[in-house]
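Think of it as A, B, C and D in the order they're written, each chain with its own count starting at 1.
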Amino acid sequence: MNATANRVRLGILGASGYTGAELLRLLAKHPGVSIDALTAEKNAGGTVGDLFPHLAGLDLPRLKKIAETDWDQLDAVFCCLPHATTQDVLSGLPKRLKLVDLSADFRLHDTATYAKWYGHEHKAPDMQKEAVYGITELARDQVKQTRLCANPGCYPTGAQLPLVPLVEGKLIDVDDIVIDAKSGVSGAGREAKLGSLYGEVAEGIHAYGIASHRHAPEIEQGLSQAAGRPILVNFTPHLMPMNRGILSTIYVRLAKGTTAEQLRETLARRYAGEPFVRVLPMGQAPATRHVRGSNMCLIGVFADRLPGRAILVSALDNLVKGASGQALQNFNLMHGFPETLALDQQPMFP
Amino acid sequence: MNATANRVRLGILGASGYTGAELLRLLAKHPGVSIDALTAEKNAGGTVGDLFPHLAGLDLPRLKKIAETDWDQLDAVFCCLPHATTQDVLSGLPKRLKLVDLSADFRLHDTATYAKWYGHEHKAPDMQKEAVYGITELARDQVKQTRLCANPGCYPTGAQLPLVPLVEGKLIDVDDIVIDAKSGVSGAGREAKLGSLYGEVAEGIHAYGIASHRHAPEIEQGLSQAAGRPILVNFTPHLMPMNRGILSTIYVRLAKGTTAEQLRETLARRYAGEPFVRVLPMGQAPATRHVRGSNMCLIGVFADRLPGRAILVSALDNLVKGASGQALQNFNLMHGFPETLALDQQPMFP
Amino acid sequence: MNATANRVRLGILGASGYTGAELLRLLAKHPGVSIDALTAEKNAGGTVGDLFPHLAGLDLPRLKKIAETDWDQLDAVFCCLPHATTQDVLSGLPKRLKLVDLSADFRLHDTATYAKWYGHEHKAPDMQKEAVYGITELARDQVKQTRLCANPGCYPTGAQLPLVPLVEGKLIDVDDIVIDAKSGVSGAGREAKLGSLYGEVAEGIHAYGIASHRHAPEIEQGLSQAAGRPILVNFTPHLMPMNRGILSTIYVRLAKGTTAEQLRETLARRYAGEPFVRVLPMGQAPATRHVRGSNMCLIGVFADRLPGRAILVSALDNLVKGASGQALQNFNLMHGFPETLALDQQPMFP
Amino acid sequence: MNATANRVRLGILGASGYTGAELLRLLAKHPGVSIDALTAEKNAGGTVGDLFPHLAGLDLPRLKKIAETDWDQLDAVFCCLPHATTQDVLSGLPKRLKLVDLSADFRLHDTATYAKWYGHEHKAPDMQKEAVYGITELARDQVKQTRLCANPGCYPTGAQLPLVPLVEGKLIDVDDIVIDAKSGVSGAGREAKLGSLYGEVAEGIHAYGIASHRHAPEIEQGLSQAAGRPILVNFTPHLMPMNRGILSTIYVRLAKGTTAEQLRETLARRYAGEPFVRVLPMGQAPATRHVRGSNMCLIGVFADRLPGRAILVSALDNLVKGASGQALQNFNLMHGFPETLALDQQPMFP
């Protein structure tokens, strides 16, 4: 990872969280980048190894503050900052920098929707216009061209990958979509908060953010675009005791005359050749532990016992395909690298 | 727990499984019974403490085989045997014994439905006719009168407690019910099988038995009865890493003009005064860890973002309200004990 | 739990932590007390159910601040406050109140040792003199007489129960004791701190506080007293992914001519008749999951392969026998209740 | 992974277990091998993806029986068979095949010791003579030369890496070594056995095989060799709820005049430049989650409070450095590949 003339000189803003650490894990195998700046406001001056002993073996620059960053020495930036802060910081950067933003700040095309769900006016509406929402498999060509990739949320990735092709194909009733999602705890970040304590999470499960989670409008944006008209969905996330993984169990009503098999065929056709999406044989159920640590998204399709209905199940690792892996996938495209570069490790089980 | 003239003399058939052990845990505090027979075919001759060291402190009879049991010395039996075996055994017992059966063998009123789902003809169709399906809160009066209580399945208890009053009240569309349930591993029993290994369950989640789980017809039986006509439901169980607990997230379409608040009021009214069912304030979400080890079922009600829809969430401990606790609750009623006897311990958290 | 003339009127200071909640769980079954005051500085005004939904079914007073407490209405106090604060608060209470203190503030007889390990002068040295250090089985008579019981730490209970009788009997070399302890996460309390996050604890183990943990001097105090001279021990705690439980694996050198069997016999004799300590048959290993939720401490004894050495293993639930359960056991003695009152529930497994 | 003229043609015997799957995960990134045979007696005819859906994306041959294997098509074999079976199978293979054996069958130089601990005569004593016991860092030169590498056990690797240099340097008392090890569940393999069920392992810990575990003689063999005379050690393994990882906390008595700092310096010097062993700064504690999924072994050294004693802590992933990773490390040496080939991925946290 030493800088060389040909390498993309990279900065990671907000390197003290789980998505930052996951980027570093993946980038350690990337031959085309040099990591030249890492920021962490509270831990500036320290090393990545102080925060993440599992990465102590990597040769990385010291953590510094954003204000100390020399932007001239960088070609590209991954941004892992909290929302709102992100808009402030990214809007002030030189325009020649390519950006992959892992926050929610540039995901919603409509800044009014953003304001409604995030509680404040969007601070960089012009920049929003150039952002490409990057579920890679659904927006590959735009991602290649963009300077600013809004990397999708973990839940929205797991929901849209199976749903968008079906909505586009008019194979399901867009007004009757229920998404019941189960997430691991790393999705809540590395902040010290009561709800993420071992004792509050282990050996139990609960739903949260029912009918009010900020990923709902993000999912709806993608599905509305696919449907050609505004739609709403039921999205109900649950927190459960696992570090990584999101399983989304999605209940749909079939369009008249459509079968579950046809849903599967449509998805299989759409994702044929995709390195990171695999549509399972009919009736086979994906498990989050089959994608742990990898950039894969598995999709299973099932006929329901209820006539005219079907069930979709998707599984992904929220820190990889749901965050840093997809960010790297998008980065690879933006910089002309092979899309799978540094993303081809197998899942880790058990 | 020494036998005295006034105590109910009790036998537990199949005491080597988790539900048998849980009965023993609860019965240890019951002043009205003496446990006089425990069977475990493979472990006959041994002690409960050999199988369950946590119960080694109890003064209990040795395990023996069913064939060695002296039925004349017993007044009542809890049956924790596998399905099919149960029919064989229970149909051969003296008619004066009161029975609480924790297997699936007498739950389905229609023996043809039983045969279809369990793969063999029902072996005791006459006995089936006298069985009362015992979700206590929904069948208290019949349970009091019966000699044979078919104790409900864990998933069906979590689904029917919130749904039956709403179906009876015609407050929801009975043709559009989706039940997404998440269960702990103890529901799979104490058999040594690959799918229950720590490595196969920890740190992950998957759906199983999609559109084919045997608890679906059990749920449908209860809801069909409440609806006055045969209905089908979507029931999708998931296996997740926790020992105890089932969370059921239930998606329903409201009857015309009905609101989620009305659902909650109906449930709150129905379960007012019930010691083991608590309907939470509007918008409050139950968690399985809030009922761990107790006989409680918590129910939360939520308005959906989708117009005309609502979300119900129930939480219970599958080994207590979902099995042995409800069995004891029914037993108490059948024998004239206070319903809450030996069932009043608080949940254990964390 | 309504107050009646004969009940002990009880206050719990610091009711928002795990030990406070565990006291409430246990006391719910206690016929001789009424809980008349609960304090929680940050959550004053709220209910126990707000903090601990699993206890929402109990009829309890609202939380208030310590300063708002009417001490005249109380007979006894459980104190679950942080160290140092405890000395401040307890030293200001009316002398007629009986106190069980779950903090470390009154455990060390020598206030100089306290100052060294806790980093500040002891604020109530006179009160320290009347404190009885209450591992119940080792100090039953003194506990019965005291007004102030210093409830032992979780690790020290698991270490001293097996070791004190052996040291007293001169059966082991007191200068060669290694205590390797493994604790669940609830021992770290309910504070939102990074090290207690699910992601930092699940699926791993590490040692902490090596050669510097504050429970070391507490263990040494008890063993020094038993030995009749000052001794030091190796005490190495580990944090592992479980909510409750401490397993202490203790490596000892036998006194000349002594065998491991003799250690076991000594312990078995010492604890014969004790309701909450069970010495297992030779060679049988205790597991934390066999005591979960109960006030039991299990002890196993093993011959080592190394000649002249033996291994002791103790298991307890850190929140029960290691904290709130033993506190209640001591309370019962101090107030003339049967020692096992409200402490006789069976362990919960799985 | 397609076979090419230059690749080492590889067979894996016993590919249905966790170590077989882990080999496949690692080998997927190895440019110098082609996997041409996979055996699994019970699952012959099926695919790796049937057994391990996380590996379904790999292009691998079907599983077959050992008897169906065409040895002429192979250059090397990883053997993941159970003990005893291994001796039968490996002794019948063509002598030109290079072998890395992950079983215990060729680890003990002394076949009498083998017979004593494994309960039957060694079936291939001649072959035993050519076996090299391969803790790579301690036997690199011999491994390079051997045809048969006996890959070390997981516990013995974690114990010998910190201890051997200290014993060789006469820095510790070899008659007073206590090894308290904590292992994840994958060490017990993928067999369906009661003790590995989620319910029996989650939320608890217990010691097992106390003074009788088969890894004790393996550790003693290595330390005896280092000491130049036969020695015994205390080795006490514990089973705890994590998939991967072994933490070994090792209690030693320092040789006269030696300090803990000197232990650390000796280890740091010995392992300087080693890619897979890292000696931490004085007083820093390793955690298993910092090596998860990687071939690293971390070692920490601590002064004890007891004068003249020290504490060593090692952490490794039992499936990688404790099994398949070290096997690949040895394989690389035996075939002239760079030692780190396909082993350079970072640990996965959380």
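Criterion: contacts are C-beta pairs under 8 Å (C-beta built on N, C-alpha and C of every residue); 3 or more make two chains touch, one makes a residue touch a chain.
Quick caveat, the model's predicted, so the values are computed rather than measured.
Engineer: Sharing over half of the contact pairs with A-B by residue number is what counts; pick that pair out of A-C, C-D or A-D.
Structural biologist: Equivalent chain pair to A-B in A-C, C-D or A-D: C-D.
Engineer: B-C or C-D: which has the larger count of contacting C-beta pairs?
Structural biologist: Top pair by contacting C-beta pairs is C-D.
Engineer: Looking at C-alpha means, what's the farthest chain from subunit D?
Structural biologist: Using the mean of the C-alpha atoms as each chain's centre, the farthest one from subunit D is B.
Engineer: Express in whole angstrom the distance between the two chain centres, defined as the mean CA positions of subunit B and subunit C.
Structural biologist: Their C-alpha centroids are separated by 36 Å.
Engineer: Using mean C-alpha positions as chain centres, tell me how far subunit B is from subunit D in Å, no decimals.
Structural biologist: 45
Engineer: List the centre-to-centre spacing of subunit C and subunit D in whole Å, with centres computed as mean CA coordinates.
Structural biologist: Inter-chain centre distance comes to 39 Å.
Engineer: Hunt down the residues of subunit D that sit against at least two other chains at once, touch-wise.
Structural biologist: As it turns out, subunit D has residues touching two or more other chains at 18, 185-186, 199-200, 202-203, 241-244, 286-287, 289, 292, 350.
Engineer: Where on subunit A is subunit B touching in the complex?
Structural biologist: Per the touch definition, subunit A meets subunit B at residues 175, 178, 180, 182, 184, 199-200, 202-208, 210-212, 216, 232-236, 238, 240-245, 247, 249, 251, 283, 285-289, 292, 302-307, 309, 311, 313, 315, 350.
Engineer: Tell me, which parts of subunit B touch subunit C in their complex?
Structural biologist: 18, 21, 24-25, 28-29, 52-58, 185-186, 202-203, 243-244, 278, 286-287, 289-294, 296, 344-350
Engineer: Which part of subunit C faces subunit A closely enough to touch in the complex?
Structural biologist: 18, 185-186, 190, 192-194, 196-203, 241-243
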